[in-house]
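Handing you this structure, nothing more for now.
We call the chains A, B, C and D, going by the order they appear; numbering starts again at 1 in every chain.
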Amino acid sequence: MSFKDVLSPFTAWKHLFHDPVSIRNPIGRAAAPRYRGFHQNDIEKCIGCGTCETICQNGAIDMVPVEGIQTKQGDSGLRPRIDYGRCCWCALCVDVCMTKSLNMSNIYTWVESDGDAFRFIPGVDKKPWDDAAHGYRRPDDHQLTGPTRLREHMPEMEPEERIGSFAEIVHGYNVEAAKLEADRCVSCGLCVATCPTHMAIPQYIKAIRDGDYDLGVALLYETNPFSSICGRVCTRKCESTCAARHEGDAIAIRWLKRHIMDQVSDEQIKKVVGQPAAPTGRKVAIVGAGPAGLTAAFDLAKKGHQVVVYEALDKPGGMTRFGIPEYRLPYDVIDRDVDVIRSVGVDIRCNVRIGQDITLERLKSDFDAVLIALGLQDGRGTRIPGSDQPMVRKAVDLLRRVTAGEDIGTPRQAVVIGGGNVAMDIARTLARLQKKQYGEVKVILTALEDLPHFLADADEIKESGEEGIIILDSRGPQQVVIENGQVTGLKTWKVKAIFDEQGRFAPTYDETDEQFHPGTMVVEAIGQMADTSLLGDALTEQLAWQRGRLQVDAGGRTSEAWLWSAGDMVRGPDVVSAVADGHRVAASIHAAITQGVQQ
Amino acid sequence: MRELYARLKALYPLGELTEQRKNLAFVTVPAAHLRDTLLHLRDKEGFTHLVLLTAVDWLEEGQFQLTYLLNNRALACDLGLRVLIQRDTATMESIHDLWPTAATYQRELREMFGIDFPGSPRIEEEFILEGWNSIPPYRRDFDTLKYAQEAYAERPGRVTHDPETHMRLQMYPGQHPAGK
Amino acid sequence: MTEGVHGIERLRGKTSLKEILEVATHFEESARDFYKGLIPKVSKRIRYLVEELAAEEQSHYDMFAALAQRTDIAAQVKAEIERTAADSKFSDCIHLPDLGDNPDDQAVLQYAMGREHAAMSHYGELAQTTPAGPIRELFVFLASEETKHKLELEKLYYETVHRGGGV
Amino acid sequence: MLDIFPPDRTQYPAKKADGTLDIDLTSGKYLKLWQGPNHPGITGNMSVELTVCGDEVVEGKTHVGYLHRGFEKLMERRTFIQVFPIVCRVCVPEPDFNEYCYAACVEELAGIEVPEMAKWIRAMILEMGRINSYMMYLGGQAGALGQGVIGQWTTYVRDLMLDRFEELTGARIYHMFILPGGVRDTLPDGFAGRMEETLCEVEKTLKDVYDVMFCNAVFKKRTVGMGVIDPSWLEPYGVTGPNARAAGVAKDVRKDSPYLIYDQLDFEPVTGQNSDIYTRADVRRRDVWVSVDLIRQILAKMPKSGAVMAPLPNVLHWQIPRGETYVRGECSRGEYGYYLVTDGSGYPRRINVRGPSYTHAMALLERMIVGCNISDVAALMVSLHTYPPEIER
């Protein structure tokens, strides 16, 4: 203690005439640029996936429908509404926003007497900070929803190896790789609406994460008895609406589905699928053992109905067997799915052609209901000059004959017309046959569409290229060139026109850009159509039609009460759509035959 | 840490040593040997600082784990003693005479977990939860959300929609919801 | 087909606007009748296509019939006009082909596109050689109608044949 | 050992050998008095139930629970990432230790290596928080003895530091910036310059505080020799931080078991000898100088660029294998630690927050308050620098 201790405190007086440091009115004080204030949401970018709601540990976010925002593929139509009575401004919602539509402005002062005003939908309920330039934006490497890219590319054979045989190219994930991929899923469920058969995608992906494969199989079979097949060749529309694609790659949903099926033994699958219900005494005849017919058969058999499936060819599977090459979908995989369908009591009779071996009339009188699911087994032709030559073939016919083990007279040089998956299938099949027979690949593929508009999967295009197939886009076939009665190639013109706003396309040609593609066989792989001749003239006339297809109600029932139709012939070509259709039709048939509507 | 474990193991029937870091390990001690082990560690091994005393509820296994975390400042290392006690009886010997501050931990454990420490000072006095009317709240079988919903009113006007369900109702109503 | 030969004869003789309108009217009429005659021949599943084509031609025929009733363009209608280059192609289409007993959708579409193409070029060139006025506007309108229709048919052809959308 | 915790104090209310109450409230000799929970001289939402004889305190019992939110239970019900925003709320004036300790526990059990850059930023944030916490303390300690002006000055520099927090972390009080995996973002442009200006302001204020508060006859009279913590009490009562360092023991986690990048910084723990209120205040004042120096060192030595977040798995279903760990740090009040137990699920099995106030404000305060003059209770309580929310969590 000293004299200084008495005087020193008075130095405080030196601040007496300093200006005050406090802000007189803090309302309107600009916050730091990265301040976490009221939310902003770009509602055009937002897809309503609800990840923000899931992460919010305060339960401050509700997903609500908004007038003027339609629920559509890849967008639930819901938008987040935030209750600022609960929000703690942690911005985890911004961190996990899959589209980066949700941000926070740096505005934090808002005076309002009505407490309920602090619960609003950012971006919809207009606020002064909607256009604020500053605020919290997720930094670039701040990634909380896992890697944006595929964790592991599907292991597959190298081009040099695969071109030499028809062995399956894709190996399938192992457990570890599948878990890593499954981990990327945010379980928003937007994909479920897009899947034609509405598979429980987030739930079966969760089953992979949890290692519960029996549950996985049970979930798959709820909606899809063709899971081994769809796990390989599905058109996977689901992946096109996956929330993860806004950040990077969509989740490899198709491969994950296959992974579940790969992990479980045939016996275990049959156990999980279970036994059919007690016999009902009702009988259903199904014409065509493709995905639609067999799915309907599976559902109906499980409900206890006696189901007989008639197949014209020697093996079941329809276009999955006779249209898709073995290297994409091995035949034993088809056998596996079909075997499970048989295990619930479905009686599949092959080599029976309805209309020849048994009449449709006969089925009508012997069964309580008849379903025709014929598929699209006839190829369309271009009908350009020269296309009536014998060495101008249809892709579907060739593929069917290759599956049947026939010799198709492999050409040394081939030209394929078409840009869809069937065109890729025949081109790659020919390439393999050429490699085997002649040691070199000489296949040219020409398509009307430009590459970005190809109907084929990107993988197919890429892999075809790797296998040595020359792909020429925007080429319109003009003429098959014949010399001395032999096909020597195809003449094409450049295609100028592009797709219009509705995605429709009317090709116009630039005649000055003509090319000649040499080949001793020209394969037309364009559209397909159904052969409905089994209906006979009288029934065809009797039935109602809708723009070239059988007119059916929502349940697939035709204008004739005893007859249903399903699959590609009604919906267009797609395995999983055919499966979905099979379910719908089975439900309709079940309702009809159990309510005694029939007879 | 290994040597220390070897020395202790010679004296007391200890469980396996879990080396979490090079300066942090956990070991299970039978309840009957806790006091001796603590005394030995405090007086012979330099573990004079009781960092914390807390409990973990292993509800599924019917046990409470009491964790006594001790620190040796000179060696900069920590040893956690795990004592597993029966969940239904939930009683443990008090160590307030070894570290007076333990009395506070034990009071809290009795209130929050329902674990009794007979003889601990003021053990029966309420600590944090005056007028508590349910089971000890830090037990795993106490449902916080359920309690809050019963005890407090929810602010009106809140409703949310699951995207997947909403899309089904909007886009394909009437169809069987998969996986639900 | 006697009707077709008859049509060419008629076209050759007449190059005044009035005559051209008459031929065009007949052209639409014969096409309508052609499609109508085709309706029972095709399978029921593609009948919609032929029915739509017949209805389209009927609407054009109705338009010409209404035109014939108008008096305000009577003077112009009598004027002589230059025979256009597309004329021959146009008349070729009046030469109606035989699509067989049971033509399929692709054949019908191919025929219809060819016909629309000829009509489009013909009306387009007529519009260019006709003096400004209501008649010219009529040709411009007809040309754009046929163009639209042709484009629609081309899209339909692409979707039916190339994208393989079903039957 | 037992002599510092006499047997007669283990039973409350204490009884004499004959079974009668040691403190007989009916005798008219004693008065029961509540200091808090609403009292200007109390450190936050707590209260002390005093029994006084004349103006001498004969017994004190700490009461907490006014701020109990059941954080440890709330954490058990949240996924690992969802715990991150609530941990900071355990301690209002110095929330960042919660964020750091929790993140470090999760990183350790999940096997995540934090990028170097993030460690430096974390250390800087912890030192910034320490300065702020001490500033609040200095204002409180002076205020408890009637010196309001100190609180005004320290609140001002604390606000300047909050500006720095705001521009770095995006928030002023609850920063929610240190999360498992690293930190949210890098330093904003020009941050070091503005930080230097703030540090200069801190230094200027510290000098003023020294002149007006520490070289002050009244302050010295009231605090020198008051509220002594006997060095032998440190271990029994679990005393850590400045409370221990003022008693001459250089306990400082930053030095004893260096975490983050403290082994790359040059500093010595601040100690004192007299262990009274004045010494504790002085240790804290000098500790601010250390923190100012540490921030300067960090800004000078930290990497110029680099990632601030480690790659995380998808946090929406993040599961951590079974395990347990404890991570500690040296906060402004002593040893702050998180004990995390995981069971392989997506949720923590148990989280225990070890705050220094837990021992300081309960057993230690109750021991020290006996014999104290009633007018010194506030100064004594504040001198232990306790924050009640970390007691009741």
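The working rule: a contact is a pair of C-beta atoms (placed from the backbone, for glycine too) under 8 Å apart; a residue touches a chain by one contact, two chains touch by 3 or more.
Bear in mind the structure is a predicted one, so any value in this text is a computation, not a measurement.
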Need the most distant chain from chain D, centre defined as the mean of C-alpha atoms.
C
When A-D and A-B are ranked by contacting C-beta pairs, first comes A-D
Quick one: report the Å distance separating chain B from chain C, using the average Cα coordinate of each chain.
89
Distance-wise, how many Å sit between the C-alpha centres of chain A and chain D, to the nearest whole number?
56
Return the distance between the CA-based centres of chain C and chain D, expressed in whole Å.
92
Just curious, how far off is chain B from chain A if you go by their C-alpha centres, in Å?
48
Hey, which residues of chain D end up touching chain A in the complex?
78-79, 81-86, 149, 153, 156, 159, 163, 166-167, 170-171, 174, 176, 184-186, 188, 208, 211-213, 215-218, 220-221, 307-309, 311-317
Seen from chain D, its contact residues with chain B in the complex are 1-2, 4-5, 9-12, 64-65, 68, 70, 72-74, 76-77, 108, 235-238, 240, 251, 256-257, 323-326, 328, 335, 337, 339, 341, 349-350, 352, 354, 358-359, 362-364, 367, 392
Under the definition above, what is the set of chain A residues touching chain D in their complex?
1, 4-6, 8-9, 11-12, 15, 21, 31-36, 51, 54-55, 57-58, 88-92, 96, 136, 139, 141-147, 183-187, 206, 209
Report the residues of chain C in contact with chain A in the complex, numbered from low to high.
43-49, 105-106, 110, 151, 154-155, 158-167
Within their complex, chain A touches chain C through residues 376, 380-383, 418, 420, 422, 448, 455, 504-507, 526-530, 532, 540-541, 543, 545-550, 568-573
